[in-house]
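Two complexes are shown next, each including subunit A; its partner changes from subunit B in the first to subunit C in the second.
Then we have the complex of A and B:
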């Protein structure tokens, strides 16, 4: 594809987006404006290729699995042009792409757009176009957005804030979930918020209650994410020694912090960044790493030749399940498997608020799809489909240790930490 | 060079050799099959124009040319393999033409040369002939070299019997009793033998796909990587009788999986294109992994397109069978025990990461190393079946296939 062709396609997509935006009304304009600003970035073009999807396809979130089960021959007989790009995989009908026109869908879900807060609308757009990715970033963004939702909330007559606020927040949260399934970090944070709202005293004046909740949210972000990351940094740095070659996969905010901190601590080590589609997040990682750090960039298939030089693997986490399995960016499991085969220690940096009580056995039951971003990839047809999984599940057996703010623990200790946290929460700490 | 010019006076042939050497060096001949075919065609030409007085001279000539071809692209094993194959055929054909009348002892298929390592019990042949006829393990060990030996011995004995004249020329007693130079007599036989190799190379895909339907059942989900014409033919041939889904990994950075996906889906085979990161999570659903090979090594290990080692390891983690489809000309008498960089061949960084993002060796002014190996090494224990145009084999048996296909003295060209 030539540059001119690509530009032409980009223009087309922009036009398609402009056609969608007026529907979003004044509230959508803000989100759209921010997007326009970001357009020159190389990564965004990829996300945009997802944009011009026919509304009719995206709306039928319930009907689409049926459509996908229609025999392919029957579809082929339909003369009406190329078949619409399915949002669901034929092989795995339960997996779906993030909604591209999430703004438009806000009006059909039975709730009027006016009820969805501006900050939530914007955030949903950023989620569905992969502008905000990563467990920590999504959680902080959600909590910040919810803070502004809470601030603009007024309790209706005849009810109290602690009883009514959640009914106001629920459609906002479901709008976010409609854009992209909730991350484990968001799930835990929202569950915590619900608890905080429910224990609010009925007698508390509205403004005080709102201030209190906002303060609690700030505390949560500080304690569970920011400070936790700093503690993880210290723990992980101890494991990096002079002469080490640290391998990491894609981009994790906590691993990035660890690498930077270790570099600032004058530890002489080099970094191998392994990367793969569909998101190629490693490219943004190498751009942010300190310039005097020696960095090697390889793609996932080229992993096995470089592994003998690696002395340590550091991964981030989307979530750590109760059985010790790591749910993280697709590709992590492959790297962990290959590293474990060579007896290279595999360390996972994971804040405890990402621990989940769920126990999953495989990586496909719960997963998400990413849009195909490359312009040179073949166009999906009746007999060709794309499946770009976003996550995979690394079995606990591939993980040497988990670095958390409560110290280095084996993956099997996740349920213990969860239980202890349950106890402290019940004690009102 | 002097050796060539002495034996080959045909200018076009000399030019043909130079052209192939240059094209190999410039990587203009791509793919093991094409390389093998070009090599075989060149060898046929050489044999037809070469002037030689003894088979020894011919083999030396071919070896010297082979060394130049291999030096031009040492990572392309097909050249050496085809040369070894042809050398063996040359010896066999000559032995067949000269041998039987003069070497009555060696005509029995189970006759064994007396080697110090495996002394032949003297009573074995005489007192217990029925035992000799069976393939016992004891004879199996000794049989290892029996196919190699006869040509050597015939050559020596033919020299003794026909007599070497002072110009060092071998003569062959023709059917009419006249003495003819060896070259004239055996040349047609040799060219015919090389032609058979060429025919085999041209039909290699059909022959590999012959048993495709026996390896795939209805409803399978098959994973394959990269692009391989062998695999494409194999799957298309299986699709005539079986309905299955193929999952193709893109195989970055070459993204040759896309070509494969397009080829398969255009043949109406349900195809799913996935990024390489989705191989592991989808593996529980995959029933078979089919890989191509660049070279099959003596221990049963493989040089493959990069990415196959990862897929094979993931398959092993899920106990999914791994099937390798390859032409017999990929059997290589080489080992890879120490090189993690597989065939030690690298491509440029431009396909891994764009120049602006760091492909130029810089990320925001700081150096960035980008590694883009071409081949992967897949260990033999990760492979379950080896499908060749010569039948299906288990990887631990490859060393036997190599012994049967090539002569020991050609292992080092």
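Then we have the complex of A and C:
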């Protein structure tokens, strides 16, 4: 969209804002998630999903771009559509389901839907419907989308790109977070991007700055993800021997690459894919594995009889915390615990950009809920709720080693690696 | 000397085996314009040089490796840094292949190659630079072992009271620490395991007796029996690996497990040049080592063991048992029979002794898991096993 168009839009929004201001103000505040009744006008919603970029009813409070943070927060807590069951679990009231109608929620009062870029709208929809999952995939998709956002950005008069771009990007990112909580990988990448923007020279011409940023993003994806994965592949392959039985849980892009590479290297091994609901990602892993590789598919409850045959466990990671704990797909902790009990080595494939400075003691305080997709599950009612936690926390004591692009390290060395990266990361904060 | 160790130890240049070491920019620029290799002098056998160095009783294997690689640099006709690094790497590879137990040696090789690749070239003349590397390498080989052992025995003194100490096999650094404790008027007494198959425990006992330290030689099988009378366990090591675990003479892992079970502290005394960048996942994941102790009736399907093959396991066990019965079974020796002397324990005719072939099937070293180790006392400090891995990651990771 051109600059002129956006101007025009903003003007419209400003006018609309004046009209709806009181209503928008009252809908904010924490704990507002339980209020299900407060849905946007149905007519608007339908129109919005057809033409997401048309700001027919703009509830924006965005006069000045730097006023963005407040409305965005409001929108994050805004109820999602009119589902019959609560989006908040009774047992875990701090967790919520991803918004089914993220497109509509963007137009809820107090937000600046018009400001959200098409690519971000599309991505948010893909996130909330679990079309794009996995730390690496989500991070790459986010960075790629942000690249197109940066490309369509124009610096307003009287400010500079390095000072203003982030205020333009923030609502875009918030929209993604509203669709589904940010993954650790995205968080680290965005923090890095913020740092990159902040150190841009003021004197750099706008187009050059944008080109430079896009190039940096490409480099980040290449160095921290693509090449890192290739190095991890090599390191992990050294640990797979002829005759091994490699166990993996659910689906991880890094583990998938390792298995394929080891198979291509003619290592004679077989694979046990352990899987579980609600996502059953193991099925899609099996679909991508070479057909001549011997694979056994078991569900989590049948793990213990299969375990005596296993010689190595390979897991992917959502994030690796500073205390060495692994935050990964729910079920990983049980598998790791049982494997460790039998002295089976537990290896985690994790690029260092997924390392997190956080320390969590359990997998409950921070988690995500997934919707139930299984048809055989009982229908949720007011008194019956489904809880599908997406992640769990594997303590460091169940992990033998972490395979990273800096080599095999014990989980206790995560802080060492973090510290070495810390210099730039801290600057980026 | 300190200046030799520190750049090598603290330089963050990545030396993972798969990444070709980087070179200093000066070396790179030089490498680009001079590429004509001169016809080499008579080939230098690095393995032979290593063996010569090892005849020196006091020279540990990693340092012998450094010394022989230093000689290689001295004889090298390399004109550029990249040629030199290439020669060094192939020399290190030859060394690792040319020896039966290259674990501790490879720590020294890696250390030296990393040192060479990361030192900045001060001189414009490459020959001078090479000369400097050689000098540093020599100084390193000469001074480092005694210095680090001195430091370690000083550190270890703090852990030793008037104690009964259990040690395994023979280790220079443990010996020096015990002697230092003795000189510091600590009333120590030492149990020493015999440590089959090399029986180096006998050497330890002889040396301790010569220094009038009360000591008792015990059977490897008697470790659990004696553990409750022991106050602490001190072992040396061939290498400390990235997990924080040890690779040491076979029996160490068992010792550590028994010590853990009895709640006795288990200390490893290791010089920092034995820190090895390798991460074993279990006993069978040691670098450059063939697998030992195969089952006689190796099941043909073991090559690809799917869960279905579990069922066939029972049959393989029966076939094993029958093959074992096929051999003649020696009669159980009575207690009155004269006991075997130390030395060639597998001498023919000794009932109950193993044949040489049987002994050869056994591993020389085993891997002690980090959870079993209380502390690693090294010349870079007293480290927890996690601390060792932190240190190694800090040195190698980039």
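The working rule: the second predicted complex is superposed on the first by the 338 of 429 C-alpha atoms of A that agree within 3 Å, B and C clash if a C-alpha of one lies under 4 Å from a C-alpha of the other, contacts with A are read in each partner's own complex, and residues count from 1 in each chain.
Operating definition for what follows: contacts are C-beta pairs under 8 Å (C-beta built on N, C-alpha and C of every residue); 3 or more make two chains touch, one makes a residue touch a chain.
The structure displayed is predicted, hence computed values, not measured ones.
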Clash or fit (per the criteria above) of subunit B with subunit C on subunit A: fit
First, second, both or neither for A:95, with subunit B first and subunit C second: neither
Residue contacts with subunit A in the superposition, subunit B compared against subunit C: B
Which of subunit B and subunit C A:306 touches, first, second, both or neither: both
Subunit B versus subunit C as contact partner of A:314, first or second or both or neither: neither
First, second, both or neither for A:392, with subunit B first and subunit C second: first
Contacts of A:294 with subunit B and subunit C, given as first, second, both or neither: both
Which of subunit B and subunit C A:268 touches, first, second, both or neither: second
Contacts of A:362 with subunit B and subunit C, given as first, second, both or neither: first
Subunit B versus subunit C as contact partner of A:416, first or second or both or neither: second
Overlay on chain A, subunit C to subunit B nearest C-alpha distance, Å: 9
Contact residues of subunit A, present in both the subunit B and the subunit C interface: 294, 296, 306, 308
Touching residues (chain side subunit A, partner subunit C) in the complex: 231, 234-235, 239, 242-243, 245, 268-270, 272, 294, 296, 306, 308-309, 312, 343, 345, 347, 400-401, 406-410, 412-413, 415-417, 420
Complex contacts: residues of subunit B adjacent to subunit A: 221, 225, 245, 247, 249-253, 255, 258, 261-262, 265, 268-282, 284-285, 306-307, 309-310, 313-314, 317, 340-342, 352-354, 356-358, 363-373, 376-377
Parts of subunit C lying in touch with subunit A, wherever the complex brings them together: 12, 14, 16, 18-19, 242-244, 277, 279, 281-282, 285, 302-307, 309-310, 370, 386, 389-390, 393-394, 396-398
Residues on subunit A engaged by subunit B in the complex (per definition of touch): 42, 72, 89-91, 276-278, 283, 286-287, 289-308, 329-331, 333-334, 337-338, 341, 362-364, 367, 372, 374, 376-378, 381, 383-389, 391-393
